[in-house]
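We just call them A, B, C, D, E, F, G and H in the order they show up, numbering each chain from 1.
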Amino acid sequence: MNKAEMRNLLQRIKSKEIEIEAAMEIFEDLPYKELGFAKIDNHREIRVGYPEVLYCEGKTVEQVRSIIQFMLTQDNNILATRVNEKMYEAIKTFGVEARYNPLGRTITIRKREEQLTDSYIAIVSAGTSDMPVVEEAAETAVILGNRVEKIMDVGVAGIHRLFAQIDLIRGARVVIVVAGMEGALASVIGGLVDKPIIAVPTSVGYGANFGGLSALLSMLNSCASGVSVVNIDNGFGAAYNASIINRL
Amino acid sequence: MNKAEMRNLLQRIKSKEIEIEAAMEIFEDLPYKELGFAKIDNHREIRVGYPEVLYCEGKTVEQVRSIIQFMLTQDNNILATRVNEKMYEAIKTFGVEARYNPLGRTITIRKREEQLTDSYIAIVSAGTSDMPVVEEAAETAVILGNRVEKIMDVGVAGIHRLFAQIDLIRGARVVIVVAGMEGALASVIGGLVDKPIIAVPTSVGYGANFGGLSALLSMLNSCASGVSVVNIDNGFGAAYNASIINRL
Amino acid sequence: MNKAEMRNLLQRIKSKEIEIEAAMEIFEDLPYKELGFAKIDNHREIRVGYPEVLYCEGKTVEQVRSIIQFMLTQDNNILATRVNEKMYEAIKTFGVEARYNPLGRTITIRKREEQLTDSYIAIVSAGTSDMPVVEEAAETAVILGNRVEKIMDVGVAGIHRLFAQIDLIRGARVVIVVAGMEGALASVIGGLVDKPIIAVPTSVGYGANFGGLSALLSMLNSCASGVSVVNIDNGFGAAYNASIINRL
Amino acid sequence: MNKAEMRNLLQRIKSKEIEIEAAMEIFEDLPYKELGFAKIDNHREIRVGYPEVLYCEGKTVEQVRSIIQFMLTQDNNILATRVNEKMYEAIKTFGVEARYNPLGRTITIRKREEQLTDSYIAIVSAGTSDMPVVEEAAETAVILGNRVEKIMDVGVAGIHRLFAQIDLIRGARVVIVVAGMEGALASVIGGLVDKPIIAVPTSVGYGANFGGLSALLSMLNSCASGVSVVNIDNGFGAAYNASIINRL
Amino acid sequence: MNKAEMRNLLQRIKSKEIEIEAAMEIFEDLPYKELGFAKIDNHREIRVGYPEVLYCEGKTVEQVRSIIQFMLTQDNNILATRVNEKMYEAIKTFGVEARYNPLGRTITIRKREEQLTDSYIAIVSAGTSDMPVVEEAAETAVILGNRVEKIMDVGVAGIHRLFAQIDLIRGARVVIVVAGMEGALASVIGGLVDKPIIAVPTSVGYGANFGGLSALLSMLNSCASGVSVVNIDNGFGAAYNASIINRL
Amino acid sequence: MNKAEMRNLLQRIKSKEIEIEAAMEIFEDLPYKELGFAKIDNHREIRVGYPEVLYCEGKTVEQVRSIIQFMLTQDNNILATRVNEKMYEAIKTFGVEARYNPLGRTITIRKREEQLTDSYIAIVSAGTSDMPVVEEAAETAVILGNRVEKIMDVGVAGIHRLFAQIDLIRGARVVIVVAGMEGALASVIGGLVDKPIIAVPTSVGYGANFGGLSALLSMLNSCASGVSVVNIDNGFGAAYNASIINRL
Amino acid sequence: MNKAEMRNLLQRIKSKEIEIEAAMEIFEDLPYKELGFAKIDNHREIRVGYPEVLYCEGKTVEQVRSIIQFMLTQDNNILATRVNEKMYEAIKTFGVEARYNPLGRTITIRKREEQLTDSYIAIVSAGTSDMPVVEEAAETAVILGNRVEKIMDVGVAGIHRLFAQIDLIRGARVVIVVAGMEGALASVIGGLVDKPIIAVPTSVGYGANFGGLSALLSMLNSCASGVSVVNIDNGFGAAYNASIINRL
Amino acid sequence: MNKAEMRNLLQRIKSKEIEIEAAMEIFEDLPYKELGFAKIDNHREIRVGYPEVLYCEGKTVEQVRSIIQFMLTQDNNILATRVNEKMYEAIKTFGVEARYNPLGRTITIRKREEQLTDSYIAIVSAGTSDMPVVEEAAETAVILGNRVEKIMDVGVAGIHRLFAQIDLIRGARVVIVVAGMEGALASVIGGLVDKPIIAVPTSVGYGANFGGLSALLSMLNSCASGVSVVNIDNGFGAAYNASIINRL
């Protein structure tokens, strides 16, 4: 509610076009609106084209089922992440067309068809073991309305594989780099590509990898400018970020 | 060099339009060009409008002085970060107009005037102790050609201060959030603003802060989507990232 | 035993009202009493209204069963935490009315009905995945005789949900804040509420969450005053603390 | 502004007792007020009797001087923490009566005399090296209006010293336990005293102490119920917490 | 071989009392003997009364079976630690009297009866969850020939339980303290008992316990002198140490 | 392709000895070749005698099966590491002679017989629990064409076992030292042997071992010169390194 | 006070040999005595021959001076650790014979001459940089009345130096091993010597040494039995432990 | 001393060519020799061409001066590492030609001229801030008799700089890679070069670099085979390793 609208409303009270109780209901919502909380129509999670997102880790099958059931009453697309087989089974019973990506552990349900962006997000990964994160990122980016190009298995141990794909990477508007072990791929791409790079460390590796810590620290300390980092294995977060940038 | 150009060159050899030695010079450059290294004219560090950047930590005054001296022979703007007083003294002797920001520990030297962007980068910080990082980020963003708005001291302990500035933050194209201690500001802004957010944890704090680790982990684990993170106290990196996004 | 009682006892020996051996038994207990151990009647674990508490993690079903069996011979209420299904099955065989909260992993057995406090403890949580800790805290607080209000799923990513409940939170005498991931909720509430806040980091999250470390460090480094912290996932401890404060 | 006040205001518009522009000014402040931000009169930092607090670490002498100068224009008591000698010198020039506690690194300036509470906060410490934290806590507690009893050097290595003071500790309404090294004192007191205990780990120690980490972890893992923890060396935070509880 | 023996041997060569080849055999063994390796008769693992010890973690059932089979051909007592049920089944097939302690995860096989020491080792533990470590330590101490007194469940949360047993603890020649969580028991006993104390941190606990790290750091930082520490959950090592001291 | 070859090729075009399309195929490979990527004939992974290596951790049985199937179409030997039983079952169906080492978790398939080196790699290990790493290293070294000597169970707790084998260790061209727990063996051998030593920390141990961290830090801090370190449990990496050195 | 004494005292009251008020004074001390606190005559810190110990780190020169001044009024020997030059200057003004060991950072003041033990404590160190810890341990052991043998610079990088001294080490009743870097010396001696070994990790080293962490973890994970560990650089603690054992 | 020599010596005793006392002196050295310790002539530190090495960190100027003074009486070259200005001043007073490298913090004194190897060690570094480590490595490698090529400032942020030097790197027999921050250079070179690579993480960086930890973990987790790692900033160790390999 902007100033003009507020003045108009007060005028209508003064001129008795509107009852005080009716005006009060409007005003009671005001705080939220002024702070943006009542700008609920264009709030990010629910504005047109944005899916409702459900993070399923640590939730029971029953909880997931109930939340999805409620979401289905809405008109939005749905993205569920960190889904397991059993959750998928439970959702299938609703009879909607739910796309389950077992590698990426996602379920997507489309209630409206989106026009994909012209510009694309490149998702580049170091090794085949990083695929689950790549898949989570790709599913997220697509349901958020972005065109996606996946460039997999181009880790720095065989850097010629990366160079063979460099033009495709450079053509993107945003680049997501997914890598485990020492995570060097983010720095190398950071030095070659003049686009925002969102690095996702993965827990791929063992020993002094410490569950993804080595790749995480590598990426945070990247000598290449233009690299920012999300949580370990957080393919969803990387894609969400990339989507905001891609759709600016 | 694409296939057509290559075929054409070989044809010219066959038809003797070009000497073998001249052709050899072209072929010898081929690898770099194909890999993009010879696309040196539009490489990020040296393309028009981008400054040359010098990270001075761990370098001697003499080393800094020499590198700046060389840079001055070029036509680019210059940004030196993590500068100390003595380095500034050394650079002043060159007689150029060097702007020294002692809080941000930066020196900027402008050899060309840049048109700033219309859209702006908001740099939001939690407390006054975060100012050195804010200043480094602001100096970097400006020399990279961006309009900047600084919103300082709006940490979550007094969240009304943040709400008073929320429109200014929402108006930005990219938001940099600078916070130490528990770094909660990044999550709160992440929940309120629908723009890419680059979070900079700072080493402000003590005890279980562990030199910025607490803010770093907070930001990486942000429950709000749309937040990516750079290294602790890395105001430069945040601004560099923000600039790439702002200028997309 | 205070000075007057001791003098009286010695007088009774002198006047031969009491046998030396009988007096010796009393004196042998003296050290404990003087140190407060013999103030056993009002010692916290067993004073009226306080339940006996059994932490079951790392104990066998048989051990848990035996201890509960003994406790049942006493007149106190009983709280068992970190209980699993099998332990509950074992306890059910006693034929007492045992309330099992599978989410909170608690069993409570009431042998006396308590009057709940007028003032209440607010238990506020960031996400639905924090529910097990909320439940453990709530069960603990209630069996300790406190009125409880649960305010769930008000994490800072959608801060308007928190504001919609702020009056209920402010009305509490003590506030327990349960949050995983970056744990920012504790700081935000700490800045809004003028009551003692006991923060419980949870292990909800993944990657750089490091089993709850990120929320723990966040809460310890809270920029808001008035926040103190208990161990990760320690809903019992938070409620125990809150109860002591609520019943001051 | 509650519902009654809002209805009354709208009535006054309707009855033309108040001009629309005047009403608009009131409504524009509404969001803050509804959220509590405009309940600024009883906001914790500035309500009667509460001092304004300035954390000086990482601030320059000049910054500290300016902020204190501004605070002096207000009518509140002032507490500055993590102060150094030079800051004190700068503040002395204002000619106000500033109490400097060099061990606790605090400055307190009293503009109004407070009535201390009847109930007291006990501040118990393990060794003489913990004194700086004790002093910071004590100065904070007193300027916040609390009566304080200090019980120092009663670490568990000579546990009889603790027992000699146990009645004084038990008489408190809240107990602050300050300990470095292994921080065992918090657990021992937690087992003996039926009051809220706020534990402050200190960085006293060396080697595997890791800057206070050992005491911090000890206190978080206390086997005694009723212990909550603040940041390492955070005497201020402990006292602030204790004060809220003591003044409930 | 001392100097006199060596001179004597050389004399015998010179006087031809011994053949050169025979002398050479003696000299070839010399290095080992001089280094003590040939003092194999009184080497610790195999001297009278000391059992052969087998650490079974990370070994296959088959490997454990083979090694025990070989050990049984010797005349020594046998101690196997970190044994599981299946290993015990495999060993039972040998038809020897093997004592299996499932809580302590040990197997002991006695081939010679030992006279236990008069002085005893006290094994003191904080809680019932520490029992596996207590049992491992007790089995080890006994098979090494020591008299043992177990004092369990005397953690500092109810310190009167400890005081009730303090004379039994003080009567020991060496004290083993087994505690998880914050491990405060080691410091408290260290302040009360004038005997060598070997502290065993256990992994009992959760959250910021970090698998025993909190107790480990506590014990290493003990403010009480006379406490030394072994690895987390290392009941065997503590008992081995204690035995060496007890048998000095 | 060196300069002479390139000039020669261009001459052949000019003299029409070679068709342009044929020349183009050669030139299209050029970039890689100039950067060494096209020196594919002697590139490490595929030059004569070097096996193709497949790291199977984090891959599905199906993925492993497909990659091996492809590799079998090539003429190289094959090494698969971190293999499990199911993967072996899948590979056996191809009907090739695949050697499965269940302890070392490797599969090797020989398509060409290699001449082993004269000089040998010594693989020395501290305890029998380190055997899986020893086996992985040994399988790797042999398939890479090296003669190997294994010296197992010579940890420093019984240092005479090490000295008994010291000549065999000294005779090696490179020494791999495999040790868990405190990893002291690397330093001791480093002080005794004048050859390159590659140390492999293992995750053998428990408690403060932290998954191999203790051995890793030990080896990195070795007081003996000549020791370099690979990742925890990385037998393959150690053997690969050793092989490069052995075949220099 | 044992049972017999207590009965006797009560008899004397009954028979009126002692006044009730006099008896009450005795009984008031009873708790401490029964708990051992009143067994103050043979309490460890102050029994004959044991020095009073003052840890000076984190204390001001003035505090140290005052405490020593008080201690000098007693009849005990004095040991001050972690002393600096200025503290020594302050103590010298008392005119007593104070022995200052600047390397070990200790001051010892002898008020009574002690008979040293026949058996000795061996203090073995890896390198010359460990000398400060060796000196602290040696000063402590001697003032506690023990004969000491120092064997320095026998680290495992040149293990022959250790073997040359092995008989001297074996002759000790207790062995203190002081080592930084990888701390392997403790394990090697643990494998060679059949005496209690107290290992002191030192902070000597750099990089992945992490302030002594590598040596600490090594020693805790020692594959040799019979090794227990004290805090990093804690020469005092090691010697105190060794002294208790040596004087058993 | 081999078998033949020993037999010969015994024969000479028998034939009285050598006196018993003279033989005894030889035999007294025997144990060490058989274990290799008496193979002192070709022992690594002192064999022809190898310098004596002194690590000066943590040593006093006086200690360094004394040890160098002793070394100067020997005929070997000398290398002192981690030297400071004052130590150099002290050594200069001896009047020998001592080469001081202030950046590398080394002093080298040549008493014999060495023939350098034909093959060379390549020392490759990521940035100019890594120069101190490069210099330490280079000084070490040269005094150990190796030819050295330094390739500096070729970090992956501008990977074309690396490719421009790749042939020089490939021409080496061993490659030392020195890098801080994320240490990606080691992996990239590991993928391009078929030679043993010794990676040296440096402490260059800040924040989440944690004193070199990020580069260390990166290098340990390198996805490229053929990389082994030494301690953070350990230029000496890398060069020592490289020299052993280069001189095989």
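In this section, a contact is a pair of C-beta atoms (placed from the backbone, for glycine too) under 8 Å apart; a residue touches a chain by one contact, two chains touch by 3 or more.
Here is each chain with its UniProt name: A, B, C, D, E, F, G, H = PurE domain-containing protein.
The structure displayed is predicted, hence computed values, not measured ones.
Peer 1: Both subunit A and subunit E are touched by which chains?
Peer 2: Touching subunit A as well as subunit E, we find C, D, F, H.
Peer 1: If each step moves to a chain the current one touches, what is the fewest number of steps from subunit C to subunit G?
Peer 2: When the steps are counted carefully, the minimum from subunit C to subunit G is 1.
Peer 1: From the options E-H, E-G or A-F, choose the one that repeats interface C-G, i.e. more than half of its residue-numbered contact pairs are shared.
Peer 2: E-H
Peer 1: Which whole number of Å gives the spacing of the CA centres of subunit B and subunit E?
Peer 2: Here the centre of subunit E sits 59 Å away from the centre of subunit B.
Peer 1: How many Å are there between the centre of subunit E and the centre of subunit F, using C-alpha atoms for each centre?
Peer 2: Averaging C-alpha atoms per chain gives centres 39 Å apart.
Peer 1: What is the distance, in whole Å, between the centres of subunit A and subunit B, each centre taken as the mean of its C-alpha atoms?
Peer 2: 25
Peer 1: Hunt down the residues of subunit F that sit against at least two other chains at once, touch-wise.
Peer 2: 31, 35, 158-159, 163, 192, 207-210, 213, 216, 220-221, 225, 231-232, in rising order.
Peer 1: Name the touching chain pairs, please: which are they?
Peer 2: Contact pairs between chains: A-B, A-C, A-D, A-F, A-H, B-C, B-D, B-F, B-H, C-D, C-E, C-G, D-E, D-G, E-F, E-G, E-H, F-G, F-H, G-H.
Peer 1: Which subunit H residues qualify as touching subunit G in the complex?
Peer 2: Touch residues, subunit H against subunit G: 31-32, 35, 37-38, 45, 55, 57-59, 63, 201, 203, 211-213, 216, 231-234.
Peer 1: Help me check something: in the complex, which residues belonging to subunit A touch subunit H?
Peer 2: Touch list, subunit A to subunit H: 126-127, 155-159, 181-184, 186-188, 190-192, 205, 207-210, 213-215, 217-225.
Peer 1: Contact residues on subunit F for subunit E in the complex?
Peer 2: So the residues of subunit F touching subunit E come out as 128-129, 158-160, 163, 204, 206-210.
Peer 1: Using the touch definition from the top, list the residues of subunit B that touch subunit A in their complex.
Peer 2: Answer in residue numbers: 34-36, 42-44, 53, 163, 166, 170, 173, 192, 194-196, 198, 216, 220-221, 225-232, 236-238, 240-241, 244-245, 248.
Peer 1: Would you tell me which residues of subunit D are touching subunit A in their complex?
Peer 2: Residues 3, 6-7, 10-11, 13-14, 16, 20, 23-24, 27-28, 30-31, 34-35.
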